[in-house]
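Structure below; questions to follow.
Which chain is which? They are A, B, C and D, in the order written, and residues in each are numbered from 1.
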Amino acid sequence: MNLSSEIPLQYMLVLSTLVFFIGLVSIIIRRNLITMLMGIELMLNAVNINFVAFNHYLFPNRLEGHFFTMIIIAIAAAEAAVAIALIINIYRKVGTVSVDDIEELKY
Amino acid sequence: MTGPKIIFYILAAAIVVFSVLSVADRRILRAAIYLLFVLVAMAGLYYMMNFQFLAAVQLIIYAGGIVVLIIFSILLTSQINSKLDPPKLGNLLLGVITAIGGIAISAVTIVKYGFTPANQPAIEPTMRTIGHQLMDTSEYGYALPFEVIGILLLAALVGTIFIARKT
Amino acid sequence: MDFSFTILILALPLFSFALLGLTSKSLKADLAGYAGTTSLLVITVLSYLAAWRYFGGGDAEAGFGTTIAMNYLWLNFTDTLQIHIGILLDSLSIMMLVVITTVSLMVHIYSLGYMKGEKGFQRYYAFLSLFTFSMLGLVVATNIFQMYIFWELVGVSSYLLIGFYYERPSAVAASKKAFIVTRFADLGFLIGILMLSFSTGTFDFDALTSPTGPVISQPAGSLFMGLSVTTWAMLFIFMGGAGKSAMFPLHIWLPDAMEGPTPVSALIHAATMVVAGVYLVARLFPIYAMSAPEALDVISYIGSFTSLFAAVIACTQLDIKRVLAYSTLSQIGYMMVALGVSGYGGEAGLGYMASLFHLFTHAFFKALLFLGAGSVIHAVHSNMMTDMGGLRKYMPVTHVTFLIACLTIAGLPPLSGFFSKDEILVAAFEHNKIIFAVQWLVAGITAFYMFRLYFNIFWNRTPEYHHAPHESPVTMTLPLSFLAVASVFAGFVPFHELVTSDGKAFETSFHVLVALPSIAVALVGIGLAYIMYFKQNERPTKLAASISGIYTAAFHKFYIDEIYIFITKGIIFQFISRPVAWFDRHIVDGTMNLIGNTTVAASVVIRRLQSGKVQLYIWFFASGVLLLTLYMLLQ
Amino acid sequence: MNPLLLLILIPALTMAGIMLAGDVKQARVISAVGMSAQLLFSFVLLYWFYQLRQSGNTDEMVFVSTTVWYPSLNIQLKFGIDGISMSMIMLTSIVTFAGVFVSWQVEYLTKEFFISLILLATGVFGFFISLDLFTMFLFYEVAVIPMYLLIGIWGSGPKEYSAMKLTLMLMGGSALLLVGLLGIYFNSAANGGPLTFDLMQIAKNGLPREAQMFFFPFTFIGFGILGALFPFHTWSPDGHASAPTAVSMLHAGVLMKLGGYGCFRVAMYLMPEAAHAMAWFFIILTTVSVVYGAFGAIWQKDLKYINAYSSVSHCGLVLFALLMMNETATTGALLQMISHGLMTALFFALIGMIYGRTHTRMIDEMGGLMKVIPFVSVLYVFAGLASLGLPGLSGFVAEMTIFVGSFQNVDTFHRVATIVACSSIVITAVYILRVVGILLLGPVRNNHYLELKDAMWFEKLGGVTLLVSIMIIGIAPLWLSNLLREPLAAMLNQLTN
């Protein structure tokens, strides 16, 4: 199935842009570490859409975007695991997961 | 309106709406569930683009793994009923303005840029091709990244255990 | 003739210095003294041997030549400017060798008694050996730089010996003063050497002083402030000589140097080291006489003034060693005058000969005076004239020898002082009548203050002594007697045949016109001293009161010390050094600290940006990326 | 293998040995053995050097070995020595040897102390044998960095401040220097050939005049800061005052020489035209240094400050003489480096001994030490006499060579500068004798001092080693002067053409 005749590439890209910036907003406005992590997942997925779309529309003879996405998913998994481990550890130590309260490393 | 178009619009709408909801909802567990919906919708998008394997991976790892992890951590760190603090006005303004600006820039660029559509014949991303390429060391082979990712995951695993264990 | 044995003259004292210095306390005191004395005895014998061979082997009519006994390359600066360490023997250096070793030997023997039981006896002999080594090295120098090297060594041994009683603050201060003043003079010497060696391309005395050599026959052309470069160089070199010989205004260290042990004063600050300046001028005399006559004039004026100036001060001092110190100044002034009024070669070189003749005789009688004074101090335990009197009964040998010395320095015939002083007066008379008049007057003053000293010590009232003074041991009286004999007979040495400006003998004649007035003025001086000091009376105080202005000024050494202290403490320390230290701490270092503090202050401002608000960072990051993108898009 | 590598290898092995050492005593012994071996090896090297020269080898550099280290930038490990580096190596091993013995009694973190100390020395050795600007710079940094730790951890007084100041100022110098060196590097191909850091190669090719004019000040001041060039010398008093004894010794004795050596070997040798054009300016600075340092020393009360200012004066003389750019003056400058290195190391060693006993460095709190600790005091007098230029000790030889050499420049400017610089010998005498008078002579001021013990065997060994070296140079200077002079003719040819 080829989507190029049905839906232009630009649609995909705009969609990913929207998701990306929604993720960014999430990071900027939410102070809970977990929500921020969710924002990051959104941004990663936005990028994935891009990769996949480019692969599908522009270079269908290769699978580079596909593999990139896979790798990103793997890294995202690792990142999420580490981040959540950190968050839980921070929660244990500090008793909160709000970034406003975790700023010892400034200066 | 063809079938694929309709499906795309539905998926796109779901992605955008649920992302917004996941950001905007102050009940964190709900936000996580909205995120799950976004991820699932994305898997649908991959499926549409013929990447069935990727769609499956997306579902298994993201929807099945990461979101569950996030939900666990939410349950560990907060009360179910507690609401997140409302965002600070300054942050909200900054974030939204930046996002709108960014969207504007990106969208304009995307729309203005003329992509040359592909003319090569497409290859089917079957399990066989994926498997071959993943283990291949020649051109378009991904053995090295695959191994590196393996090591990374191992390191993350060890690191996570190290960080999270009780001292 | 083979003079290679003369190397021992340098090697032995150095060896004995090293030996005594390294073993120091582990050697028994007596043994150290005997070791030092023995080595000096050997050196003395060797010097006499050298003199005998040299003068015996040469022909006075044809002139004595110059022998380089050895010459080792020590350091080379350029292809032509090289420092050699060597031994140069000519009539001048042989004469100095004899004087130095003789007086030094006497002092070594004398010190065995005088310093007995002192703490640091070994150290004392080590220093004496070092001094002897340096002084001998100085006089046998083959080139001006070797001379400078030993010049400095002499300076430091003088420093060490003046400060021998290092626990006494006054001795420490005096030694420091002596070193720094002479060091300042040496700066002039060094600059003089640099100038001279640059314009001539050599350090060697042979090349420098040869009358037919390039240095003298091709005078440097360029003038600076009306004087040729050579003249300036020679003036600077004289500055070094003036410092060592304590010429006005660099004389201030010498009276203070009397803080050292008395035998040291006799050796260094009367007989040998202080005449190094005279020796220096004599060594370079051909250049002075032929290329820099203006410098020679300066020397004669300075010498003349110093001799008068010091003689006047000597009349007022109460410390007997200081009287002798000022007397030394005055006598060295004589020598300088003689050099200053001399010409080169033959009869014209009378002043040169007279100067060295006076150096020769002066070494003996002044050493005798100091040793005699030391003997007195040893007995009375005080330096002050007021604590003494009537000692002739207690110390007969000292008394007689001291009297001989006083008569000698007063210039009464047929004692040696008469001959040498007479020659100087003749030379001055032929050259410059004013200088002659001054020197004639000084001769009278000399007789006066010496007999003031003599009468005050040995006659006059007898104060209450804690212990009855007793005659010194034989180790002390023996050198006194020997030097007394030498003082009496040294005048008969035919100097005009041996030590002359060009090495050739000439005839001197006896000038009645000069001799009689000088004898007369000496007798007047002695007479005045007799009237005032032979018996205790009121005349001295009355006289002092009647000329109180001059008296007080002279008593305070014309306030030269105060001027120096003002310059060093007041100006150099307070107005240069202190501001420099302040400037360095506050301005230079302050600037550096300011740079540091500015950086810190800036970072305090900048670190506010690092607020610890992660979201703000993310926003900065994101908007930065957006702006960059925008910028690239718009290009 | 290039024997020069042993100069780095021996300290490296020593450091490893100290790391393995069981206790403090072993650490001490190992460092002592290592540095003795180093000293011995320097003598052997000197012997080999003479042998090579005698067998008719007239190369500018001997024991040369080249290994390309980082090909894309043409960075080489190039080692080699000539007479100048040879004597500097001797100096370094003597001072390090003495330094180890003087720090025998360091109690706190002994192993670490010795390791840092020897690391510093290794940097210095590496610097002197390098013929590649990059390697040179590398070793330079190796030498400077441990200084921070050594002062900051084992120092006294306001040690953090001093360590910071010293390190930052020297790092500032390094920054300038790096600019200079890179400038040289990127212009090294101007007259053909590839870009290179190779010292000899650059000297042969020459640098374009504009580049010289631009980068000479960077390089010269960069090295000059280490050589205490006025007005960048203020790290020296504070740094020395706070540094532990052995560090002061190594720093003033050896590290400051890196500055002079670098100024000559790198700045002036590679950029002769600029050196000629700008010499006047730096001559003024160094003349000021000489006199200013001496005057500054008169007013100080802290022994180490006195010596630090005296170092400013003496090191100023080094740079002053180098800038005179003739053979005699340059020989004098190098002699002065060695002489000052030994002398000032001795000074600091003695100050350390005195401080270790009286627990003060203020001269007006002490007095009459000669009576109490004669050995230390006599050595101090010797060091003082060497410093004020007494014949028979090394200072005289160096100073006289400098003055005679500087006086060979005929124009009035150089003459006046020389005479002004000469006057420092008087001022030096003033402050040295002042210290000796107050500190050592006179009556004992404090009765506690009567119970002080004189130098221990290791202190004696350290002090006497230095003194003997000073005396050897002072009494028989010709061999050293010839050793230093030997490569100069070729180098100065480069400078004057």
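As a working rule, a contact is a pair of C-beta atoms (placed from the backbone, for glycine too) under 8 Å apart; a residue touches a chain by one contact, two chains touch by 3 or more.
Every value quoted in this text rests on a predicted model; they were computed, and no experiment measured them.
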item	value
Chain at the geometric heart of the assembly (C-alpha centres)	D
Chain pair with more C-beta contacts, B-C versus A-B	A-B
Averaged-CA centre spacing for the pair chain B and chain A, given as whole angstrom	6
Euclidean distance of C-alpha centroids - chain B vs chain D, Å	64
Distance between the centres, which are taken as Cα means, of chain C and chain B, whole angstrom	99
Intercentroid distance (Cα basis), chain D paired with chain A, Å	59
Residue list for chain B, restricted to those that touch at least two other chains	91, 94-95, 98, 102
Multi-partner residues of chain A (at least 2 other chains)	24, 27-29, 31
Interchain contacts (touch definition) - all pairs	A-B, A-C, B-C, C-D
Partner chain D, residues of chain C touching it in the complex	73-78, 81, 145, 148-150, 152-153, 156, 159, 163, 166-169, 172-173, 175-176, 179-180, 183-184, 186-187, 190-191, 194-195, 197-198, 572-573, 576-578, 580-581, 584, 588-589, 591-593, 596
Partner chain C, residues of chain B touching it in the complex	91, 94-95, 98, 101-102, 105, 109
Touch list for chain A against partner chain B, complex	1-4, 6-7, 9-15, 17-32, 34-35, 37-39, 41-42, 45, 48-49, 52-53, 55-64, 66-67, 69-71, 73-82, 84-89, 91, 97-98
Residues on chain D engaged by chain C in the complex (per definition of touch)	165, 168-169, 230-235, 237-238, 292, 295-296, 298-300, 309, 327-328, 368, 370-371, 385, 388-392, 396-397, 400-401, 403-405, 407-408, 418-419, 422-423, 425-426, 429-430, 433-434, 437, 440-444, 476-478, 481
Residue ranges of chain B in contact with chain A within the complex	2, 4-5, 8, 12, 15-16, 19-20, 22-23, 28, 31-32, 35, 38-39, 42, 45-46, 48-51, 54, 57-58, 61-62, 65-66, 69-70, 72-74, 76-78, 84-85, 87-88, 91-92, 94-96, 98-100, 102-103, 106-107, 110-111, 115-118, 120-123, 125, 129-130, 133-134, 140, 142, 145, 149, 152-153, 155-157, 159-161, 163-164
